[in-house]
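Please see the structure below; I have some questions.
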Amino acid sequence: MSDQTTVGVGMIGYAFMGRVHSQAWRTVGAFFDLPLAPRMAVLAGRSKDSTAAAAAKLGWADVETDWREVVRRDDVQIIDICTPGDSHAEIAIAALEAGKHVICEKPLANSVAEAEAMVRAAAASTGRNMVAFNYRRVPAVALAHRLVAEGRLGEIRHVRAQYLQDWIADASAPLVWRLQKEKAGSGALGDIGAHIIDTTEFITGLDVVGVSALTETFVKERPVAAGSASMGPVTVDDAALFIARLDGGAVASFEATRFATGRKNALRIEVNGSGGSLAFDFEAMNELWVSEGDRGFKRILVTDPDDPYVGAWWPPGHGLGYEHTFTHEIKDFLEAIAEGSDPSPSFADGLRVQRVLAAVERSAADSSRFTAVEDVTS
Amino acid sequence: MSDQTTVGVGMIGYAFMGRVHSQAWRTVGAFFDLPLAPRMAVLAGRSKDSTAAAAAKLGWADVETDWREVVRRDDVQIIDICTPGDSHAEIAIAALEAGKHVICEKPLANSVAEAEAMVRAAAASTGRNMVAFNYRRVPAVALAHRLVAEGRLGEIRHVRAQYLQDWIADASAPLVWRLQKEKAGSGALGDIGAHIIDTTEFITGLDVVGVSALTETFVKERPVAAGSASMGPVTVDDAALFIARLDGGAVASFEATRFATGRKNALRIEVNGSGGSLAFDFEAMNELWVSEGDRGFKRILVTDPDDPYVGAWWPPGHGLGYEHTFTHEIKDFLEAIAEGSDPSPSFADGLRVQRVLAAVERSAADSSRFTAVEDVTS
Amino acid sequence: MSDQTTVGVGMIGYAFMGRVHSQAWRTVGAFFDLPLAPRMAVLAGRSKDSTAAAAAKLGWADVETDWREVVRRDDVQIIDICTPGDSHAEIAIAALEAGKHVICEKPLANSVAEAEAMVRAAAASTGRNMVAFNYRRVPAVALAHRLVAEGRLGEIRHVRAQYLQDWIADASAPLVWRLQKEKAGSGALGDIGAHIIDTTEFITGLDVVGVSALTETFVKERPVAAGSASMGPVTVDDAALFIARLDGGAVASFEATRFATGRKNALRIEVNGSGGSLAFDFEAMNELWVSEGDRGFKRILVTDPDDPYVGAWWPPGHGLGYEHTFTHEIKDFLEAIAEGSDPSPSFADGLRVQRVLAAVERSAADSSRFTAVEDVTS
Amino acid sequence: MSDQTTVGVGMIGYAFMGRVHSQAWRTVGAFFDLPLAPRMAVLAGRSKDSTAAAAAKLGWADVETDWREVVRRDDVQIIDICTPGDSHAEIAIAALEAGKHVICEKPLANSVAEAEAMVRAAAASTGRNMVAFNYRRVPAVALAHRLVAEGRLGEIRHVRAQYLQDWIADASAPLVWRLQKEKAGSGALGDIGAHIIDTTEFITGLDVVGVSALTETFVKERPVAAGSASMGPVTVDDAALFIARLDGGAVASFEATRFATGRKNALRIEVNGSGGSLAFDFEAMNELWVSEGDRGFKRILVTDPDDPYVGAWWPPGHGLGYEHTFTHEIKDFLEAIAEGSDPSPSFADGLRVQRVLAAVERSAADSSRFTAVEDVTS
């Protein structure tokens, strides 16, 4: 502990993601032996008062109202970007040009072009870069990755990945910014579909190479505010489905929706290989179901000391929660910085996901790819 | 019971399906009050000795070695077709032309043209017709259908249907006839994919109107017999995946595979509506999971007296098995004959599934529908 | 098949148990290669008309209105006793004295004295004897027994066995005969508690040697008939709980109740050994959960060809139902008769369960065994 | 926030419990709006160097090597006792006499006499007192309590509570202090059995009034250290089972064991009432299974904003972990102090559990309460 170097952290944004990241920065040092000691130096937000209140509650030492000031500060070596996607590229590129290390929320950007520019800036910088696909750091997901990498499942043949939520299944839910394309970029696809693409590639080690997709907007207009009689158009997808081919011959299906009534945060993935299978559902995040041979699935509680990340926490059977995935992410990021290596997933990984998202949108826009059943005659 | 009319049954074929149907004919009268009393009159098979042995074991009174003789017999009013798909059309059309009632195993035929001819023959006949999509008669599936029909799920938005098996995941499994296109027509698609198409349409009441598909053959050649060093080509699909649009705006994903290691007969279907959701897995066939409102899924044991078909059997909690689905099918068939109505699913329903299968094959044959990820640039 | 000897069966009683046994006798020969071919010769019941109607529906060739006539008949070699417990001893002893083979529903008798007399009669007879603890013939339970016998769980330390139903949880349910001691002997204890005692002894191979028990009657009086305003006393237990020591140092807990709202027929048993564990719930009767080592429980679908009894039925994943347990029981009974061996469980096994039931009643009657918490002071 | 009063906290002990409590003190203010702001003032431990290292890692401002010094400090208003049970009474009584607020790990003490002394000291003090039965603060357990209190389950009839672990199922595990009576007081009974007694009383609102128990030590001697050939005796119970009567006529079974191979931290509780049922398993701590009416159990993910404690954390479906139960406990403790009310569970609640533990030990010591099966004859 005593020969740790302290690194200052500046975080931009303090909504949902900012709250989770703060908890990770606050907690990581108490559980992991870190090569670098993070200092929660400064929080940036537009409103002085609100930002100051958030900083006090979340434990940040100082505040700024312009993110550019954070990038300029000498007491900040790490920039943590928790803003909406439309500002990721600008902030990240500036930070990298200033030689800062950057961790950026997902999806990496709102377009492939932006993501490419971020990857170029990363290549030119002395700073390290990471995109915050936190679900890689669920111990059960990391164990799934390990089992596949060790060959325990044999050759991978099938993936079925779903991310199911239901928070706008009610047609009277208001038209929040996430349902407007100019602000959110896309709907379920970019918000949660991005996670299952990354998780699939992480667990299997295989890239998505081709897709055929559809997207749908079930509720086409909504009250402009809760309870309002005035309606506005929903301009993003409510759901996105696609089938895909992966490197090496595996096939996959993907589905992201906010209309799966009764499912709250069901990031589900099943992988079938020639020698065994895996199944995971984030709604039971401490469990991994593993079938070696063909006799059935074993429910493994991923809470043993040898499981990824788990040894730092509690005894077997004492499960972790959502926020721990971020703590693990921060820990890996700090280690990568100290080692001078690229953390995973890097901006390059984020760009690859961005290309898949763009391919899905392109495919979904072309309805001629669909074969009509009524056209099939003898 | 005393005013029942006896109807003679002639069954063609006595392999797996024949064994199950025999159990249904043997059993149905002991549990249901039937308008017609079936008599297991005659079993047809090619080999005299084997057919006679099967008839003795399965309880058939007589045997024939030519199915045409069965169709000709005056003591036979019902023809039960349990042969492979390539003979369905010929037998069914002859039987219908002879005024017999026909129940035919699925898929209805090996082509849309054959299925269309069967539907025409049915329309011209005084005999009733039924295609044996037995999974409609799982009490849990029938209850799912009832709940949707009653509007308990609101407007249907999502279906995800999978039929997962693993019996040829091992690459050394031999090249049985089911893996040869000239005999089997297709692979997983027609064999088990047909079931999830029918089950989806049955539960939701919505037709599949368009599809985008891929099929894959993971193991491209196999030993021509168990343990043989001589290899032959697998000419059918090992797996079929497709996304679909249903009538009325719902979207769906389908997957049929024999390579889902650890899954034995997992016909799984989830339906999400605006007001609730359903989930079913045949591996736990006595359970239906129902979410009304959005608080989560209730595990209903579909063994209560008011549940479909169940009152005829045992007290609550005393589950049924696979074969009961056929018993229920026979019961409904006999009732429809007595009422002079068309049983469901009829040949027309089978034809509709056949068209979807053909659309899937056509779509899967055109790889240009896929969007390559590497082509996506800024 | 051709050198089978036919054995005539006479069944006494045709209520719930009679219906299930009939299905077993009707079905067993179509699936198993039997050394003896059962013939459903005669059904006995008190009312001529009702018995004749039942015989017609269930497939019995003849009827008698006095069970003594059945015992006397030369065309009957097997007596199947499906009556309430108070007549078991008289019928079984008469049948054994006549040299018949006897299969008798559980519990074996309404008292230890009766059960002892039955065991003595069995010892003096050339007929074989079996008590119908059908749950031994659930394939998953039989597999559990096999795994323990093979030593796969190591030394057995814990059993927790429960039989949970809810059919009289509603206090307005009427005072049926099962709730009256003079007719039923006991309540949940003898009816369903007997099953978990036998299943525990079967799976573990260990006898219950000592118990401490409580019983409770939650609803002390009920309408004498459905909807009646006249109330009568419930004179049996609604629930029975006991802790026990087994041979060899293992400990166990047992609970039988008809008041577990939401549980329909949950015969549940967990076994922990030094090397692994098992868990079973009849509500999901085709599943056995097995933990070898300590990493967690594998859900095994007990539908593989090598699993007990399963090879005779359907392919993997095509589950069995409640009635199959009786079919397996009949098959084993016929084989034991042909071999001249004692089937298991025999009347002697039934007597052992009877002694445990009596010990539980004796223990529960002595409330002084309880330690009052309020008496504990420093 | 600005008008919060700061309260200094002194924690005694920094092993497993100390690490968890530290995380709670560090985190609580970032998520809950507290009436008092806790300051992590001082950590006490025997070794200066180890305590200083722990304080640095866990975030305590100062260290002491004598807990008495902590009690004396003016900057400390709250004493958090995380030591083994044999020192609870002495520390707690001294702290209460000094007017400090005290939160004490469970079980409250190693004897009823000690617990009684602690309750007396609490009554005479201006300080508030709490015993750390943290499982009450699992949101699912708190929701279970709420549902019962609202009458949603009707009259309570059954509880079955188990706490299953397997960490010493291996006979070669060494003789740690927890397996020695002079240090640990009891084995599974006090360590984990205490939790299920408290959880049962909390959820149902009913006290345990009488018990009949057995305890067992399966592995009677163990290596004195890991790998040692020298063996020493295990002097505590490996498992404790008891049946019980609760206030108001309900019955219950309890089991605590460290030998349930494959179960890691399975605190399981089922409650059956006249109108519905509940089921919970800490291994899936974010789930509560609720049966209202009798149709089956709904799996509720207890992560909605209105669920107990949950609104302070993440969106629905983003689960919490083990440590959050302590954060909730601290939050409730601080609120109780500010309100001048007694937090729940208080020392008085802890004493009641202590009396039940003593009754279990007394009952288990008297083997004459068991009825031997072999003594039962006709």
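As written, the chain order gives the labels A, B, C and D, with residue 1 at the start of each chain.
One rule holds in what follows: a contact is a pair of C-beta atoms (placed from the backbone, for glycine too) under 8 Å apart; a residue touches a chain by one contact, two chains touch by 3 or more.
No experiment lies behind these values; they were computed from the predicted model shown.
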Original post:
Chains in contact with chain C and with chain D: which ones?
Top reply: A, B
Subject >> Of A-B and A-D, pair with higher C-beta contact tally >> reply: A-B
Subject >> Per Cα centroids, the chain farthest from chain A >> reply: C
**OP:** Would you mind pulling out the distance in Å between where the CA atoms of chain B average out and where those of chain D do?
**Re:** 54
Subject >> Between chain D and chain A, distance of the C-alpha-averaged centres to the nearest whole Å >> reply: 36
Subject >> Distance between the centres, which are taken as Cα means, of chain B and chain A, whole angstrom >> reply: 41
Original post:
Tell me, which residues of chain A touch at least two other chains?
Top reply: 263, 295-297, 301
Original post:
Can you list the residues on chain D that touch chain C in the complex?
Top reply: 111-113, 116, 153, 157-158, 160, 162, 166, 169-171, 207-214, 216, 218, 239, 241-243, 245, 249, 251, 253, 255, 257, 259-263, 270, 272-277, 291, 294-297, 355-356, 358-360, 362-363, 369-378
Subject >> chain C-touching residues of chain B, taken from the complex the two chains share >> reply: 1, 16, 19-20, 22-23, 26-27, 29-30, 53, 56-59, 165, 167, 263-266, 282-287, 301, 303, 314-324
Original post:
What part of chain C is in contact with chain A in the complex they form?
Top reply: 291, 295-301, 304
